[in-house]
Amino acid sequence: MSIVTVQLGQCGNQIGFEVFNALFTDSQSSQGLCSKRENEAYQASCKERFFREEKGVPIARAVLVDMEPKVINHVLSKAAQSGQWKYSQHACFCQKQGSGNNWAYGYSVHGPKHEDSIMNLIQKEVEKCDSLNGFFIIMSIAGGTGSGLGAFLTQHLHDHYSNALKMNQIIWPYGTGEVIVQNYNSILTLSHLYRSSDALLIHENDTIHKICAKLMNIKQISFGDINQVLAHQLGSVFQPTYSVEGSFHYRRNPLGDLMENLVPHPEFKMLGVRNIPQMSENSLPYSTFTWAGLLKHLRQMLISNAKMEEGIDWQVRPPLPGLPPLGKMSQNREQHFNTSLANLVILRGKDVQNANLEGFKDPALYTSWLGPDEAFTVWKTQRAFSRYEKSAALVSNSQFFVKPLDTIVGKAWNMFASKAYVHQYTKFGIEEEGFLDSFTLLEQVVASYRNL
Amino acid sequence: MTQSVVVQVGQCGNQIGCCFWDLALREHAAVNQKGIYDEAIGSFFRNVDTRVVGDGSSISKGKICSLKARAVLIDMEEGVVNEILQGPLRDVFDSKQLITDISGSGNNWAVGHKVFGSLYREQILEKLRKSAEHCDCLQCFFILHSMGGGTGSGLGTFLLKVLEDEFPEVYRFVTSVYPSSEDDVITSPYNSLLAVKELNEHADCVLPIDNQSLFDIISKIDLVVNSGKLGPIVKPNSLVTSGGTAFKKQHKKPFDAMNNIVANLLLHLTSSARFEGSLNMDLNEISMNLVPFPQLHYLVSSLTPLYTLADVNIPPRRLDLMFSDAFSKDHQLIQADPKHSLYLACALMVRGNVQISDLRRNIERLKPSLQFVSWNQEGWKTSLCSVPPVGHSHSLLALANNTCVKPTFIELRERFMRLYKKKAHLHHYLQVEGMEESCFTEAVSSLSALIEEYDQLDATKSLPVEDVQRLSIAV
Amino acid sequence: MDGGAAAWTGAGPRTLPEAIATLSRSLPAGPSPEIFRRAKFDHPEAAPVLWRLLFRVLAPLRANCAAASLGRGAQARWVKVVLHYCGYPRPALAQLPEDGSQGSRELLLAFSWLLARVPLLEWLLSQTCVQLGDQVPTFECEALASPGLAAPQVDARRSVDLRRLQWLMGKLRFRWRSLICSQQEQCALLSKIHTYTHGCHSDQNLGHLSVTETEMLRDPEDSQQVRKGPEALRQMLGCPGSQALWLPADTLVQAEVPSLLALQLLRVLERENARLEAALEWRQCELIFWQWMDTVLGACPPEGPAVPTFLPRIPEHGCQELELVARELQALQEKLREQVLSRRQAWETQVGGLGHGPEWSAARQALQQTVEQELLALQRSWEQERGPSLTQGPHRLVKIKAGTAGAQGLPVAEVIRALRSQEASLEAMLCWLQGQCRQELARLAGAVPGLLWILPPGC
Amino acid sequence: MLQSDCALRLVAELQGALDACAERQRQLERSLRISRRLLQAWEPAGTTGLDPPPGSETKEEDPSPACTPSPQDLKDLELLTQALEKAVQVRKGVSKTGKKSRTPSLKSGTVAASPGSTASALPQASSQPGHCSSRTRPTKGVHQITVPAKDHPKHRLLLVRDKSHAVRIGAQVTRLEPSHREQMTLSDTPHAAETFTLKEKGTLLQLPMAFRKAAYRNSCLWTQLNSTQTSDATDATSDAKTQFLQKMQMASSISSSRFSPVEVEMEVHCLQKACALLRLRMEEELSAAPVDWMQEYRCLLTLEGLQAMVGQCLHKLQELCAGFEFRAFGMLALTEQLPGPCLMGRPLQASLPCGSRVCTSWGPQLLLYSNTQELQTLATLRLRVAMLEQQIHLEKVLMAELLPMVSTQEARGPPWLALCRAAHSLLCEGGERFLTILQEDPAD
């Protein structure tokens, strides 16, 4: 089954390119450390999901949307230059003028105006899939096009393709600000997506920036570096895994399987990804990994809400069994213990069958109303990913984002209380009422996650 | 990609414009080596096949034939415009883009605004429409004018209202040159104040420029250049008014160097919209990010490093210094000290070989020394354009919506009041048809209201930053 | 027509044992005629066989395999309940011991009651017939709507947070969507196979091969590779329930033998043919059986006074629903009464001045007719099973050229129409139920001061 | 928090539904795998697309784009035909020559040779003049795929051979009349390959004789079963049955009621639907704003009609209640001993043709569709109906358990509010959305 990617805005298009590039490069890599047959099955599965073929050339199953042509042109030519895969010329939509960081402009002006054209492009791409699994929508939430138009399109995908799954890849802006109205744009986007999307996969710029600096040892970090790390993380989640352990059948319904296990509850849709190992090319040859070591670190990253392998707080421990839920909650808060709702661990590489995952099956890791049997899932494949002989990824629906979300809502509320910038939104039909709805919904989400 | 139209009004506006077109041509020539007409060039120039009679049909693709500036030149005297038309830039303009008169406005806002305004309204409108027709997506009008004189100030602000009515969707960015206190025009306080009211009401963004600041900057450059520490080696292709500019009297006339700074400001401001970069910033993002309340649309700008403005080969200073400079008092294009005032919002537009990490590092570094309004503690807007200014590796334009503009307004009001109390020269104005006393009082109260708004914001400066009470979720 | 088939239409067996024998043969694993004879005299040894027969006939098909694992007592209870539920009139059945130790005559009566009331043989044959063709890739609606047979393992010690129910509900919604997704794909693949094999079938009506048939031809070489195929197949066939919903493709995978398929299918087909032949024969000699059953019934002692033993399934649940409907209907009635009353009055006063020309009465008549038609259509939409449905018996999918006239069979378009109206009425129903809940909760919410209930937008 | 018995029931219901779905998904995946394997034959995925030879795509007529086979289609087609072709050969015994190792493999532009000389065995082969000469051409190895020359709604399988017996395939575009076929063959490509459709060689691809016989007899028997059902069922037989049933009823000590429980249940179900639809219609009518007196009158008539219909429903309901009460007198809680909750509920209806529905035809019937989309719509709708039924069932169960709990709970503190929120989401929003409860600001 195939996934149609929708790349939106500057951020979405830049990341989309890196994601396809990472997926393709990995699937063609000969360092898979597995049998030829398995490698072929892996390739075929990756291809079915993300690429189609035109005259022998792999074409990304993607629709590129921006309200401004520069980025799309750039990305198209970069893909063509790769010599390996391409974007379809006919899957692009751009306009002359961007949304100017104004969510309302993207949502209420660009959205309705270009709805038909964009939905047509998507429809065409969907028709090229033998079987549609769902949509992967890449967008930032800070700007105007990705966020506003993204929210608009997701809603329309929800209406037009009610059975297809929708996952939004969301880029969370730098906490110190990259767009001044980013908090407004973010709360409007998030609250709208909460109504129309099935899952929000969130990446924070701050986090990835730190990974680039600390783990990848990059001195002068560019957006290209950041996007490559992000693409690596996504690849580690979306490259094929076995559907049944011990068979060579690869999972055909990756989005559905993931969502069913992680985001069935309407109030909990925010997913975070953690990867291990991640390091620069130079240090890789000097490192060896064991599953036990990797998983120990990954688990501690989960419970201490560490964003990367470096600087994990090893003091954080799961709460003692037998505490009443309320006591447990306050103790957790004190300890900065990160309570999970559900986790998915994806293991790739050598001896994957020997990895011991008991650490993730501890009921203390999870909320009181869901047991590990329902809350924990593991996917595996023996095929190694990227340059790593062994690697693990964690997709987690947990309290990871309570703090960032709370912060964004708080800042937006502060600004809203002074009515600053509101006139820019009312100009395009987003009234104060709309803001209040968004605040209400997100405050509830924060509260719900806190009460896990 | 979008296009912009530059409307240059009055002597000052046209002189700045002249500099601007010269630099713009040279910048695009440096970036676009192949001579192909592309969208970046298209944002300021039309490509015209001159062999076709009439107004020359635009060519949207292919080789560059003949570039025409997307500009409307207005002056009520002929001098400057004629000079331009006889200068090296003559091919960039044609007579259909000009409106001139011979009488001049006599340094009288009322003449420019009321008399010439009604006289030339239709004509101006027609030229504007024409220029708009040549754009497939007109995004912005840049109005270049000075506040002190008659034409630029009067007709320039008249124009704003016309644009607002006629092109409500198109942004109006105004570069206003404020007179310095030792201005030789005696009525300049009147003119400026009357103009301020119009700017308050009809502009989307105003970039105030102070002649005194420009002059100080130029002097500083000269000082560095002549100090002997660094060889005054002229860079052949740098974007400064050296050899091949419209006026070949650079060092004699400080105005040229000063105009050059303003022209550079415009180029930098639009660079991220014209060229590729890893973090684009379109023009419409400027007002969206920097204007929290409709009236508070005055943006204080600073360009660093200053050597990009000079025609000298100075080894680059540390990158981080560039960021520090942008916040220092002596780099601002008006006399103001943003660092000790309150920031409502701030944009950092970077060109050249600078990455996001450099930007983040400097924001983190500078943040503690700056004071932002309570509801906008992270009020940063950033952009990264990969094309540096010609001949340099990087540069930075900082735009600040900061209460530091307030003293400029207060001073203006004081100078105005000094004259107005004496009713000096008032009759020159009142004899113009449609001009009444109330025009002055209204203008004063408009300016006072603006000052009051800044005052209120400044008042919050001393208060501790506290979160507002949020919605409380029951369960 | 095949000579063999024609043979039974004329003469049939004329003796009772022969008649019963045909009945037995036409049933899936039917008992021997001797059992019937013994049952007439209520011999206890016939009872277990008849319990089994009844259970087999009555158990829901999907659940059959699992149900087979039920104990004898449970099976018997099941039979009792279902028969009563269907309106079986004799309470004596309910009093039978569930260990199968006696009551063979009563069971024979019950079986005959079913046989007389509904076309049982045809129904059973139809439900269990061999599927050579491709089916609409969905399963019985009822099967989805019914929980599986095995009681799910729920940890009773753990108290349940409602959020867990929400979680499960969300999971279910995702599974539904995945199902639809897979089904779409299966349809596309089926259609492809049908297109590609167009013209390969000897049967003119079909024209193309089905998956099973293509599979049969696919790889004959491999036939020697695996031997366990027939066994797997037999296993499946030993369980009549699974036959009914048997997707041939499933068998193949389960057995991992694509090869011997033809042979296996042949056997199954032959077995089915034998049952069909027997059923046709049975029709010829049924009369003898019924005459005999009369004597069986006559041999029964008259029943004693009714001992209350039985609980039809409706009890509290059904009561609740009846009440709910009654309340809603009355509310409707009330609202309509008010509206009609006031509007009628307003109308009369208005029309008073309008005059009553012939045009008016013609228009009125026309209006009356259209309204009548509309309402009739409305009524039809809730009366059950209008239009073609797929609930009865298997259907073989045949791809035809668009616009081909005179093709025999049911056009999908018609089924779609029927399904759409069914969908609409179900949606209305769900909507109504949700509306009821909303009212109830809003009432409760209104009673608590100091709180603002913010509904999700769009409510 | 729920009490455990209630929780048990709800969780069991949901878990049951989930299991049923999962089971069905597994089934579907199995058959999907079969179908995919059929279409992709034995080749590992990753075979490259088939490029048409330059110039062979002479489009004389305007092809309708919908009918143009996509490269993927062509590929599938090729693989499938290969498979079938191979089957033909095996069936004919030509593979006995011990060349099994030469499994067909598909590389870009190359096709494996099938062993054996099947061409001579094909009936048509000898009847095609001119073909022989082309066959003598020593073309070996690589050949381009024959590509549609024209488009036609029907794509036929087309096997193309040359002397070396390399199998080629393409979608034949023109639906060839037999008489035209030869010409087509001759003028086909420079390689002058022999072409035939599977249909024309259909005899070779037929199922085994014995099987075909049995299948034929099977369909005859079903036809007979259906045709004799009504006409041959003698009056005597049906009389006998009726009599038997009557006698049985009379002998019974329970007097008959008008409705059996299953009928009551079905009627209730029907009334619920009616109720929902009537309300919808009424609200539609009430919210309409008639612009002229005609419309106004029509509205009035409709409302009156609706009123009458509601009356009928109420009447029906009373009848049901009467019958129900009558029956209810001697009930004993037998249900509780039933083997699991699963045997209750809807399967009862499904398990028997005991409703009043009489089916007129038995056995496999044909269901005709003309395109993929139609089939997909059908499948989706069926599933959707099934899902709605399940959802309604769950809704009712949840209503029965949750509503009383919410309304009886005494303390109206946070636990109760949490309960309300979850209940609202489950009951009113289908579990998709949720409400927020805010504490009112005392300042307001």
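A, B, C and D are the chain letters, set down in written order, and residue numbers restart from 1 in every chain.
Throughout what follows, a residue touches a chain if its C-beta (ideal position, glycine included) is under 8 Å from a C-beta of that chain, and two chains touch if they have at least 3 such contacts.
Nothing here was measured: the structure is a model prediction, and the numbers come from that model.
Chemist: Treat touching chains as neighbours and tell me the shortest step distance from chain B to chain C.
Modeler: 2
Chemist: So which chain is the furthest away from chain B, centre to centre on CA atoms?
Modeler: Farthest from chain B by mean C-alpha position: C.
Chemist: Name the most central chain, where centre means the mean of Cα atoms.
Modeler: Given all protein C-alpha atoms shown, the central chain works out to be A.
Chemist: Mind naming the chain pair that shares the most C-beta pairs in contact?
Modeler: Answer by contact count: the chains C-D.
Chemist: Could you work out how far the Cα centre of chain B sits from that of chain D, in whole Å?
Modeler: Roughly 68 Å, centre to centre.
Chemist: Roughly how far is chain A from chain C, going centre to centre by Cα mean, in whole Å?
Modeler: About 44 Å separates the centre of chain A from that of chain C.
Chemist: If you average the CA atoms of chain A and of chain D, how far apart do the two points sit, in angstrom?
Modeler: Measuring from centre to centre gives 35 Å for this pair.
Chemist: What whole-number Å value describes the gap between the mean CA coordinates of chain C and chain D?
Modeler: Distance between chain centres, rounded to whole Å: 15 Å.
Chemist: Give me the residues of chain D that touch two or more other chains.
Modeler: Chain D, residues with two or more chain partners: 29, 33, 380, 417-418, 425, 429, 431-434, 436-439.
Chemist: Can you list the residues of chain A that touch 2 or more other chains?
Modeler: Answer for chain A, listing residues that touch two or more other chains: 130, 163, 195, 266-267, 440-441, 443-444.
Chemist: Chain C: which residues touch two or more other chains?
Modeler: 160-161, 163-164, 166, 168-171, 173, 175, 178, 180, 182, 184-185, 188-189, 451, 454, 456
Chemist: Please list, in label order, each pair of chains that touches.
Modeler: A-B, A-C, A-D, B-D, C-D
Chemist: Hey, which residues of chain D end up touching chain B in the complex?
Modeler: It is residues 414, 417-418, 421, 436-439, 441 of chain D that touch chain B.
Chemist: Under the stated contact criterion, what part of chain A meets chain D in this complex?
Modeler: Contacts found on chain A: 37, 40-41, 43-44, 47-48, 53-56, 130, 163, 195, 249, 252, 266-267, 440-441, 443-444.
Chemist: Going by the contact rule at the top, pick out the chain D residues touching chain A in the complex.
Modeler: Its residues touching chain A are 29, 33, 44-46, 48-49, 51, 71-72, 108, 380, 425, 429, 431-434, 436, 438.
Chemist: Can you check the complex and tell me which residues of chain A touch chain C?
Modeler: My answer: residues 1, 130-133, 163-165, 195, 198, 253, 256, 259-260, 263-267, 368-371, 374, 437, 440-441.
Chemist: For the complex, which residues does chain C have touching chain A?
Modeler: 155, 158, 160-161, 163-164, 166-171, 173-175, 177-178, 180-182, 184-185, 188-189, 454, 456-457
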